[in-house]
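Heads up, the next two complexes both have chain A, just with different partners, chain B and then chain C.
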Partner chain A sequence: MMKLFLMLLLMPNLLLAELLLEITKGSENPYRIAIIPFQGSSSSVNTIVEVLNSDLVRTGDFYVLKEEMLLSMPKTIEEINPSEWKLLNIDFIVLGEVVSEENSGLKATYEIYDVNKKTKIRSSTVFGIPGRIRQLSHYISDGVYESITGLKGISATKLLYVNEIKNNLDSDYILYIADADGANEQVLLKSTEPIISPAWSPDSKQIAYVSFETGMAKVFIQDISSGKRELVLTNNNQISSPAWSPDGKLLSLTLYQDGNAEIYILNLQNKNLTRLTKHYSIDTESRWSPKGTKILFTSGRSGSPQLYEIDLTKFNTKPSRLTFEGNYNAKGSYLPNNEGIVFVHRSNNEFQIALKYFDENFIRPLTESKMDESPSVSPNGNVIVYAITDKESGMIAGVTLSGAAFVLPATNGKVREPAWSGFLR
Partner chain B sequence: MQTRVNYLQASFLSFLIHACLFLYLVGFFYSDKQVRPILSKAVNVNIIVEDIPAKKIEELAKNIPLLKEVKTITEKTNLVKNITEVPKISSQGSIMNLQDLINQESQVLDSNLLENDINKYSSLIINLIEAAWIKPKNIQNNLICDIKIKINSRGRIVDISLINSSGNIRFDNSALQAVRRVETFSFFNEITKKTYEDVFKNIVISFNPS
Partner chain C sequence: MTSNNKLIISYSFIGLFIASCSSVQVTEEAVYEDSIQSIEVTSSKAESSTPIESKAVLANATVYFEFDSFNLSTRSIQALKSITNLMQDNPAIDITIAGHADERGTREYNLALGQRRAESVADYLELKGISRSRLTLKSYGEEMPMTLGSNERSWARNRRAEIN
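The block that comes next holds the complex of A and B.
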């Protein structure tokens, strides 16, 4: 029952204070949306509807009405009969047109109609590279998502991941870049030695990763468009777990310099190294806070792997422990709004992805598989991708904070270590 | 011999104790005149009943809004006098006349009507926003955000501002989207101009699901 909370005075002449109304409940059902097949060439139109459908459903915030359930196919906003859509309990209708222009490539215009308000809430035009109809579709779905939820969409972002393909007794390791839905997979690096810990630069134009191609764990930085790569440190130590600072000037790394894993910060301009941790236990898997003022890392200093945070703004400060539930909490990442962390948590010998808000004293398990690892948070903070692995195979799965779960299309081999880019548009 | 003396002594002592117990039980040690112990001395208290001056009562009466015009009558003789001389004394402002009473009742009725209107339209606003609000999952408990909205006389929301963030962007956005989705309150044409100006022109919506 709704709770009416009126803070008002009886006398009209004293009604200087504003009326305060309290909203205590809302729906947890997803938005119901109908996508009318776009006008244009049939192949493009089918792809657009298919990509829009899967992009929006994957967010967990939308229910998309099946095409066969559509009562009519309005070509313009004016042709929409709101009462007809109310019967289907539809909140929004998307309709549009795609044209292929010789000079400017693909062009699509789309409109979003709010059935409850009986009005158009967005009209937009997007442009795409010729032949890249999926990319154009992702732009449209991000526009739809943002118009309705108020949050930036992540369909047009990219993922990095490593695929290990067994080849008799040996393995090939391939570093891939793909769209956020797993399509449009492209090879960035292929090696016969392991590749681990891929990480994006803040502008998403470069990547860092650990390659064992020299016989030791070494960190490389690679430019995505040119493929040009560079070894970040040439000393004789094993180096792993690169993570870029938000301003792109620093790289945090794990160095095995004294025979023990410690976290260092490398200045990418002058190559100066600054030691951040000093403890006889292992300190590794560093991640920068969104503002670059703190570093999250995994440490065994309490006897089991736990997550710690070190404040870079305070001199000589001791790391503070963030996780206390269970005897394994590792591979942590900050949420983009710095409200909490996402990490791998062991519970009953099962490794799950969990979320902990800083202002709460408990964790929220997000997944239910047995061996989930390497979580990476989308730039809007709403989706987490992670690797599901067993002895033979590995896949990338995702979970949204709305509760929806998905698995990206299976590829041959053992896929692992996904890393989500920043916003690319 | 010594043993025999001891037995005699013990028997005598036992007799004394049992005799005392018997006397105690039959009330031998009580008397009607016995006074209970006094724990504290009695204190004499003089209660002085002071007449409150008429002026003071009038001042108190002024502080009660609905009885602003009512003058309190303190003495029976004055009451009789006032009743017998209503027109004259009323003109001096010492007591209300019939018209004042009617006005006063009318004010109270107006006030009740206003309150009913406010309740009714507030409920409608709340219903519409609650229907439009898709509450995000997996958010912290106890999140609250306040949104101030400005509504024009036709019921269209013309300004939305987040005046108190919950600190969670997903929660804040969902609340903002809920208000944006409503856009127009179609029943505003039923609201009187004065009620609209006084109450519904600017509203603060607090989203508090906890």
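The block that comes next holds the complex of A and C.
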């Protein structure tokens, strides 16, 4: 399989620990597009085209014509000769311009031309933040993606993940926030003790995670922009596995106060706790359905970890079992359209990420390495990121439902526990 | 803070041929980004209050488990007998039981599994007359492996409960 290393490698300002992007596989029937180099005098036009390229290729749904293959470089839609692009089998052309530069406030415009219909399908303006040209580029990518596929784009979203960096005998555990392409990595929390299970609030302004800094697993909520944080509950017991309800008012948690992992729902306003599960086996890894009416969780009640669902709209209902293949199915989450679940599945002593649609009675394996874990679904439901444990390193990889794959290899440390934000634009 | 200002105007026009109806999407938006605050914490773990002389005896008390299991083996029970005796002879000694899991499987499930392993040890000690109030239980899941390495031997050493 041909590997395509992206332009990202050439980007300046990459920090040492930052994630680099590598596309390992594309989908079989992509949209074929041409991006005409943007007009404008500064280096920002190069960045825009590079980011646009990598964002669109990473979705797996696009083939972007190489710049040296362009037969002409039209400056306006009127200069486009459709038959010339038909020869190259190009479906769409993106044209753009950086209208004003950083000192006067960054502003870019772009247009999309449909070669087959011989017409302009989009005309857009994006106002940027000085110094944040990549962010502006992600907005353009998402606009292009939306116009062509009809789906919301995810280039302007963020990822959370944890990196463990060994220093002598000890480790530092760092919770990072980065752009969806792995660039623009910033520290949210650095600790000498493990951090696991990062989760986003639905408005993507707060995060929850499990930190062992007190010597025991505890759940904290942290405000991203202020750094203010607090324990969700103060007691002497272990607490873990936070997940926000879609309306942001409730947090499901795993509490161990009964001597065993049980799922509770915490009202974040009045701190009332409601017990959801009651079984002598392990119940943990709760996730809310997109409408907040059901909770998916992992339970050992059948003798091995399997996924179950509780309907919150019906009083006192028994959880229903969702997975039956194999003896390890855990850490599930719903697709945003509620058509199925993504989870960790054990097969032949290997742990892989799998998908099960509710209207199918079989599971679809999505990954093929030996120890894949912690799947997180993009807000448009099209991409799943997960952690690969490879010998003594860890990295984040992604697969799209259209069959494309990419990895964000770490240059340093064991990266894991990715969590995808909601839409930010 | 400025919020996302998105304006979408779509319009249609009818060309010379009535069948070809098309629309252009016109948008205007501003990039929005929150600031990010980094924070750093160091461990605030409470040190064990166990007297130093008895720690030496207890430090070696580790019991091991099978994959996805929290049942005590006969070998584990042998190891726990000496802990029971020590605690019965020294009423002042309180202990912490920390459960662990190997790297396979999910982190949260392993955290719960580690807790169950610690509980198994506690249940045994309680059965032998040790008061639950003398025991502190916790789990590290797969986060604190005894040995690194992705093989049966390492995994077996990491599926454990440590008593000290």
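The criterion applied here is as follows: the second predicted complex is superposed on the first by the 387 of 425 C-alpha atoms of A that agree within 3 Å, B and C clash if a C-alpha of one lies under 4 Å from a C-alpha of the other, contacts with A are read in each partner's own complex, and residues count from 1 in each chain.
The rule is simple: a contact is a pair of C-beta atoms (placed from the backbone, for glycine too) under 8 Å apart; a residue touches a chain by one contact, two chains touch by 3 or more.
In this text the structure is predicted, and so the values were computed from the model without any measurement.
Engineer: Which of the two partners, first being chain B and second being chain C, lies in contact with A:E339: first, second, both, or neither?
Structural biologist: Touch partner of A:E339: chain B, not chain C.
Engineer: Quick check on the superposed pair: does A:K117 touch chain B, chain C, both, or neither? Answer first, second, both or neither.
Structural biologist: both
Engineer: State whether A:Y31 touches chain B only (first), chain C only (second), both chains, or neither.
Structural biologist: In the superposed model, A:Y31 contacts chain B only, not chain C.
Engineer: Between chain B (first) and chain C (second), which, if any, makes contact with A:L151: first, second, both or neither?
Structural biologist: A:L151 sits against chain B, while chain C stays out of touch.
Engineer: Among the partners chain B and chain C, which is in contact with a greater number of residues of chain A?
Structural biologist: It is C that touches the greater number of chain A residues.
Engineer: Kindly classify A:P379 by the partners it touches after superposition: chain B alone (first), chain C alone (second), both, or neither?
Structural biologist: neither
Engineer: If you stack the two complexes on chain A, which partner ends up touching A:V187: first (chain B), second (chain C), both, or neither?
Structural biologist: Second partner only.
Engineer: Is A:T254 touching anything from chain B or chain C once the two structures are fitted on A? First, second, both or neither.
Structural biologist: Only chain C is touched by A:T254; chain B is not.
Engineer: Can you list the residues of chain A that touch chain B in one structure and chain C in the other?
Structural biologist: 117, 119
Engineer: Any idea which chain A residues touch chain B in the complex?
Structural biologist: Residues of chain A touching chain B: 2, 4-6, 8, 10-12, 15, 18-31, 61, 114, 116-117, 119, 148-151, 337, 339, 355, 357, 359-360, 364, 366, 381-382, 401-403.
Engineer: Taking the touch rule as given, give the residues of chain B at its contact with chain A in the complex, in rising order.
Structural biologist: Going through chain B, the ones touching chain A are 65, 111, 114-115, 118-119, 122-123, 125-127, 129-141, 148, 167-170, 173-178, 180-181, 183-184, 194, 198-200, 202-209.
Engineer: Residue numbers of chain C touching chain A in their complex, please.
Structural biologist: Touching chain A from chain C are residues 4, 6, 22-46, 68, 103-109, 111-113, 115-116, 119, 137-141, 143-144, 148-150.
Engineer: Over in the complex, which chain A residues touch chain C? Could you list them?
Structural biologist: Residue positions touching the partner: 117, 119-129, 132, 135-136, 139, 143, 147, 177, 186-194, 196-197, 205, 210-217, 222-227, 229, 238, 240-241, 254, 256, 259-261, 282, 284-285, 298, 300, 304-305, 328, 330-331, 344, 346, 351, 370-371, 373-374, 389, 391-392, 417, 424-425.
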